[in-house]
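The following pair of complexes shares a single chain, chain A, combined with chain B in the former and chain C in the latter.
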Partner chain A sequence: MRALSLKICLLLLMPAIVRARTINVAPHTAVASLKQAVGQARNGDTIIVGQGTYISANTIIDKALTVLGRNRPVLDARYQDEVVTITSNNVTFDGFVVRNSKTGSMRDFAGIRLSKVQNVTVSNNTLLNNFFGIYLSDCDYIRVLNNHLSGSNDLENSGNGIHLWKCKYVLISGNYVTRHRDGIYFEFAKKSTIENNLSEKNIRYGLHFMFSDDDTYIRNTFRNNGSGVAVMYTRRIKMLHNTFTRNWGGSIYGLLLKEISDAQIEGNQFTRNTTAIYMENTERITVTKNDFNANGWAIRVLASCYDDHFTNNNFEGNSFDATTNGSLKENYFSNNYWDKYEGYDLNKDGIGDVPYRPISLYAQVIEQNPQSVMLMRSFIVNLMDKVERAVPSVTPETVKDDKPMMKPWKR
Partner chain B sequence: MLKIAKYIVLDIVRSKVLIAYTLLLLAISLAIFMADADVTKGLVSITTVIMIIVPLVSIVYATTYYFNAAEFTELLVSQPISRKNILMGKFIGIGSSVLVAFVIGICIPVVIFAFSATGLTLMISGCLLTLSFVSLAFLTSTLTRDKAKGIGLALMLWFYFSILFDGLVLLFLYSFADYPLEKAMIVLAALNPIDLARILILLQLDISALMGYTGALYQQFFGSGAGVAFSLGMQALWIGVPLLLALRVFKKKDL
Partner chain C sequence: MLIVLAALLNACSRGPEPIRYGSDACAHCKMTIMDKRFAAEIVTAKGKVYKFDSAECMADFLKDNAGLASNDKTMFLVSYYDHPGTFENATNSVYLRDEAMHSPMGGNVGVFTSEASARSFGKDTAAKIYNWAELLRSR
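Right after this comes the complex of A and B.
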């Protein structure tokens, strides 16, 4: 009787024991590679990989596993193939050093590839010297958290850090991306969130959107990239509280907007960029409560833009506040603070009594004749600007802030 | 040489004109820094002052002083002192006095309110600008015998360097807009001490905009220390060359 009850107990416990199975991987043991461990595992198992360097020429994780690295084990593809591919739903992949994927122009080899999966978490990994870092194709509900990606910084053979193609509901948070082509690249990626990432010294863009609608990026920092962020052919992007700094050079922008509509740009900080925001063919963009500080050009709005609203921004210490390439119509400026404003406020309501014209004559001169940048701040240029401000003739009549603030807006 | 310089400094201090100039600069810079909390904006305003007032006062004051002290010069020439020593002594005396005025009037407020790389550049380029305009004043004074003519020439030089020159450059740029002018622009800038000082300050204040130019030459030039070294070197030439020319004229001049 006792023996029987024991057997029943064991039988009842059986599924629990099976589900909780943990496979340990370590060098020079029975299970000496991740591939072997995945082969032995069943859905729901945990694989713990111990310290060491493992050769991993495209290890495919095709079961719902929790794969954890202890003491940062290294998965090295030795430039032969991809490193890890995840093809199953509900996988967690955490704590590895993934390095040396193959490079090539025919295929996009990646450090960690996620293909047609849902509910996967990739976290706390270090990716070194991969062609593409983390590559998500056709995935939903993915979390990419706290990874550190560093590419090869090779001008011709360099892929994107975190690459999304045809994804939805992806969360990218706390990552650091450097030395890749684009830090983070979105193509047909919708309803996703990018927050608290740092993207610096990438060859092309810190963050790049193509045909990706309804995404939000918050509190990221883009520093010293080819261009900070490029948003192209996209609708309804929210860009909030990000920092764009030191994106320097010819045709290099803090934020490049091209063919986009209904975007919201709020609370961002643009410091020391050659051009903070460049806008081409945009519609219904609202730019509010941003700080533009010590940029070459704070905003460059091409004549193909319309119905864009610039309100409550601070423009301080920029060489030029705004430029355009033609006649700018139906773009509205109001309640901004401009440090170059020389008007007065007689009724003391905090709003200047005469409008401010952000496009100076000299900015238009430079537009036509870039060499004349060398005459900046000379007496003749100051004189020309003063005359033009008094009697506008060349600068677009419609571009003006009727309610310039006397004091900067404080965050 | 230094003894002559000492006499001149003492004489200048007694005349009070330079003290008025010092106070004027001091008043301007203090007013600018106290009126606005934004230090960078203050530096921008002071740059404008330096570009206009400092060259004007330096050149006109030095010329006037040179002519007023003509009898003293004649007396010195009759003594066994070489003409080179006389002229250099005069230059050191006048130059150092005007420089001290600039240091008290601009440098001290800048150090107190806005000490930074930009502030430092502003001080250095202002000092060099002062000296180069005193040097130009010596050239105009030795070239003419008549005081009115000398001062007129000095004023014309100031007008040319601070206003006319940039207008001509702009005209030049528009007329030859189809040609690559990067190198030409750098050469043109070197032909005007005020432009050199201005570009040195630009390198600090507007580097973001200067980096925007696709012309690789600009970027290389201004991205490195070469631009700064070039501007400083040319400024030094603008002090040395007019003074040497003045010396040559003065040596042969029949007083």
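Right after this comes the complex of A and C.
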């Protein structure tokens, strides 16, 4: 009986709840700007913006609204201000072209800024020529889905594409980012997921973590950026099934790891990078089931790294499989396939009977004397490497794969 | 012959080197240097140049390389937040630590010509002002 009366009560309340209105915005009508529509709207309303170009010198969305663009309306800040700022929880912002935010060194102007909000979705927008693209500060439970961001490609006046500062539980999925400083930037951003994004031709990094723990990035592609991905001063990052390709040039890396611990690097493809993975001050990193193809240096592990494990990877066509700058201790290699392995397998168990030493003598020579790279692939270098492999004397004794695979792993 | 001589002479001169933004990497944190407002540089007594993306990286680097810090022939150079793109002497500059700085390494330190200028940029109530020696000690 009580349940029934409760239902009746709810039924009576229904009209009040569902009286959410829809406000239409179109050029040359009574409601000709998004700002005007937000002013009229109440929490829960929907605003539909029709085709056209609207001047938007920082339109502030401070109510819980669903804001939809029909036929890709353009919000243009004309380099005067930010374009849109969302300051309310429970907002959906979808289907716009957001362009021409102000640039400048004194403030981080953004195309779409989210400030201190929760449960907001920013989806299916195109952001063009903004200083920063989508800027999240102090936000939780945000979804950034299927946006297309293209920055100014200006070396000195270029912000990050998707920028997170002090955020938690953010999902960044299906976006394309190019021509920004860092494609995606995380600072103090935790417990977030980055999946299925393509980040290419950004000036600095495709993806960059600073002081951001417990994040996962999965199935992304990082192509032709200043460097692919930089993970710095963080813990417990999962890096799964990503593609790092064509990150090419001096001090450029596919994946740069610095002062990180307990990371998992699994199922990634590293192709045609100057250095596929660079590691400095790392602890307890597992690098497993990755493919390293046609890189200059597949892995460069500095002596400051401890307890890192490299297993079940394929190393094929790399100029150098591994290098280090000192004596490498407590880093473990096993069950990897190395195309430079020349051992034998008498008991036919698929595992080579003699260990493989991934650090060649020549790599050690280059370490001391970079100019000697000009002797690469010469007869004398090959001879030196062969002798060293037979009778190791200079290369670190502990760095070896005791169970090198005879055939590459099939994925 | 002259050209070779000139090149040799040139190689001997000790002085700061311009930073190639977007391609030079920080000697301490390995990040590519991008932001003109924060870049810094050390020129050692022998003329070796170390470039940094921020003053806090330079300070951290000096903590690991105490010999450089104590050598009075070492040159320490910083960019000013209010006049980006030029190098100035770090030892008599003013350092502002302020949440609003957003420096590349999260240390939030900006460098200024004078204390007055630094104060006018301070936004955070917890902002602190350091001199060079205090900055080094704070790392």
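Everything below uses one rule, namely that the second predicted complex is superposed on the first by the 393 of 411 C-alpha atoms of A that agree within 3 Å, B and C clash if a C-alpha of one lies under 4 Å from a C-alpha of the other, contacts with A are read in each partner's own complex, and residues count from 1 in each chain.
In the analysis below, a residue touches a chain if its C-beta (ideal position, glycine included) is under 8 Å from a C-beta of that chain, and two chains touch if they have at least 3 such contacts.
Quick caveat, the model's predicted, so the values are computed rather than measured.
Undergrad: In the superposed model built on chain A, check whether chain B and chain C fit or clash.
TA: In the arrangement built by aligning on chain A, the partners chain C and chain B fit side by side.
Undergrad: Does chain B (first) or chain C (second) touch A:232, or do both, or does neither?
TA: In the superposed model, A:232 contacts chain C only, not chain B.
Undergrad: Touch test for A:248: chain B only (first), chain C only (second), both, or neither?
TA: first
Undergrad: Looking at A:297 after the superposition, I want to know if it touches chain B, chain C, both of them or none. Which is it: first, second, both, neither?
TA: First partner only, chain B.
Undergrad: Have a look at where A:333 lands relative to chain B and chain C in the superposition and call it first, second, both or neither.
TA: Touch status of A:333: no partner.
Undergrad: Is A:356 contacted by the first partner chain B, the second partner chain C, both or neither?
TA: After superposition on chain A, A:356 lies in contact with neither partner.
Undergrad: Looking at A:211, would you say it contacts chain B, chain C, both, or neither? Reply first, second, both or neither.
TA: The answer is second: A:211 touches chain C but not chain B.
Undergrad: Which angle, to the nearest 10 degrees, do you get at the Cα centre of chain A between the Cα centres of chain B and chain C?
TA: 80
Undergrad: With both structures superposed, pick whichever of chain B and chain C touches the larger number of chain A residues.
TA: With both complexes superposed on chain A, more residues of chain A are touched by B.
Undergrad: Determine the nearest approach in Å between the Cα atoms of chain B and those of chain C after overlaying the two structures.
TA: Once the two complexes are overlaid, chain B and chain C approach no closer than 9 Å between C-alpha atoms.
Undergrad: Shared contact residues on chain A, chain B side and chain C side combined as an intersection?
TA: 249-251.
Undergrad: Where on chain C is chain A touching in the complex?
TA: Against chain A, the touching part of chain C is residues 21-25, 29-32, 34, 36-37, 84, 102, 105-106.
Undergrad: Hey, which residues of chain A end up touching chain C in the complex?
TA: 105, 108, 155-156, 165, 181, 187-188, 203-205, 210-211, 226-227, 230, 232-233, 249-251, 256, 258, 278, 280
Undergrad: Please name which positions on chain A make contact with chain B in the complex.
TA: 248-252, 272-275, 294-297, 316-317, 319-320, 339, 365, 368-382
Undergrad: Going by the contact rule at the top, pick out the chain B residues touching chain A in the complex.
TA: 38, 40-41, 44, 47-48, 51-52, 162-163, 166-167, 169-170, 173-174, 177, 181-182, 185, 189, 194-195, 198-199, 201-202, 205-206, 208-215, 218-219
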